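Heads up, the next two complexes both have chain A, just with different partners, chain B and then chain C.
What follows is the complex of A and B.
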């Protein structure tokens, strides 16, 4: 699928069929994730893919944003100690969030091109999710992306365009 | 260009030819940006595209990460007041950074598919850049993306893969 078609066709999908996502598809999405850029090529991201039913239920209990019944969730965590070592204070506070988000966007675009639906989720309790997933102290979940076969194709929400850009200087 | 080809072929380009980027290409990249997802569909992003030589020189003076001579720079700012209103404290601190990064990734992938080179930049002085670009207090630059015709095609840096993912729980 063409890049621009994927960018414009991707939707936030929150309703999935019961069909699981094949492991080779999940690995392809991981591959898309790790080809995102990262601050100083630090690649401080760490991914846990949850597919097992009991773990998914527990994860949902600590994640208000995790709606519906996705067959798979990518938990994008960051090694905050490594990030601080590489990027100073800006690493854990800012760069890790941006790196995770760029990796998430790659996952979502690649998934859409494969006929899968996704939704990015920032509303969860990082500490509780980390404990659940056996993460040591320096590994902190930053974003989640649900993945599954879409049960519905949501309509595109209206996009602002002319209102949000200017050339050379802000003129809002 | 196919999504996965763009994801894997995109490089961080820091050396550009003198050729300017056509305005219709810049607008196409903006279109890619605004089709990124945003927290609660808030679309709190605001874009200033700098192409004018004097402004570019000034912008470089406040942006240590802005290297080389790109013919265009997307300054991705956020309306922090609007973000706080929509998402509470998590808006300005976290969601704005992630939204900007997902928009940046769309710009970079779309640009690569159009034969353009890009580099995402987080190292700049937000306050100084905001002042330079006439941004009011609540509009804060979060990320920049340089855009131009690549003078070189950098080799891909090595990607971690097997070392950075696990299924069901962290096992680092």
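What follows is the complex of A and C.
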């Protein structure tokens, strides 16, 4: 699948079949994630992949945005201490969010190319998720990506195009 | 479903509501009504699994499930969904199935 097809075909999937996602597929998605760009090549991201039912149930309790019953969730966390060391104040405040988002997008596009559905989630309590996942203090969850075999593929929402760009200068 | 299973499901719902309350302080405004109708749907699911639901409750849940993701669409779509759901509930008020 070429990149543009993957970009335009990806949807936010919130309904999954019961079929588990093979571990080699999850590792392939992880590989896609770590090939994302990161600020100053910091690579301060850390990933916990949740597939086990008991932990998934607990994670859902503190993640209102984690909808449906996905067989796998990537918890994308950041080492905030390392980020501050590498990126100064801007690291933990801004760069970690950008880096997590770029890793998430790589996961979602790669998953789509593999026939999987995904949804990126910011609606969770980071402290509560960190505690459940036994993360050390400096590791902070920033995003989650649910992964599974889609039960329903939502229609594409309308995209603005003509209204959102200019060449050379805004309103130019 | 035994008592422990029922309590476990209710605990999950309580946790969802409590964490939502905290997170909604900073989340988009429309997530609030979304979480409320989603909670209603989840509650009906739990009651259904425990054999304590009813046709009208299941109908309300189905109505919610069919339209709740309009929260991710336009404001008009979501408002329309909520408005029609209100009157769906109103129409079921006296329909106790007795």
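Remarks
Here, the second predicted complex is superposed on the first by the 171 of 172 C-alpha atoms of A that agree within 3 Å, B and C clash if a C-alpha of one lies under 4 Å from a C-alpha of the other, contacts with A are read in each partner's own complex, and residues count from 1 in each chain.
Definition applied: a residue touches a chain if its C-beta (ideal position, glycine included) is under 8 Å from a C-beta of that chain, and two chains touch if they have at least 3 such contacts.
No experiment lies behind these values; they were computed from the predicted model shown.
When both complexes are overlaid on chain A, the residue A:24 reaches neither chain B nor chain C. Using the contact criterion defined above for the overlaid structures, shared-chain residue A:2 touches chain B, although it does not reach chain C. Of the two partner chains placed around the shared chain by superposition, chain C is the only one that A:57 touches, whereas chain B remains out of contact.
In the superposition on chain A, contact is made by A:46 with chain B only, not with chain C. In the superposed three-chain model, the partner touching more residues of chain A is B, compared with the other of chain B and chain C. After overlaying the two complexes on the shared chain, residue contacts for A:136 are found with chain B alone; chain C is out of touch. Within chain A, the residues touched by chain B in the first complex and by chain C in the second are 12, 157. Partner chain A is touched in their complex by these residues of chain B: 1-4, 6-8, 10, 12, 28, 30-32, 34-37, 39, 41, 43, 45-52, 55, 77, 90, 94-95, 97-102, 104-106, 108-110, 112-113, 120, 122, 133-136, 139, 143, 157, 159-161, 164-172.
Interface residues of chain A facing chain C in the complex, by the touch rule stated above, are 12, 14, 57, 60-64, 67, 123-125, 128, 154, 157. Those residues of chain C lying in contact with chain A across their complex are 11-12, 15-16, 19-20, 22-23, 27, 31, 35, 38, 69, 72-73.
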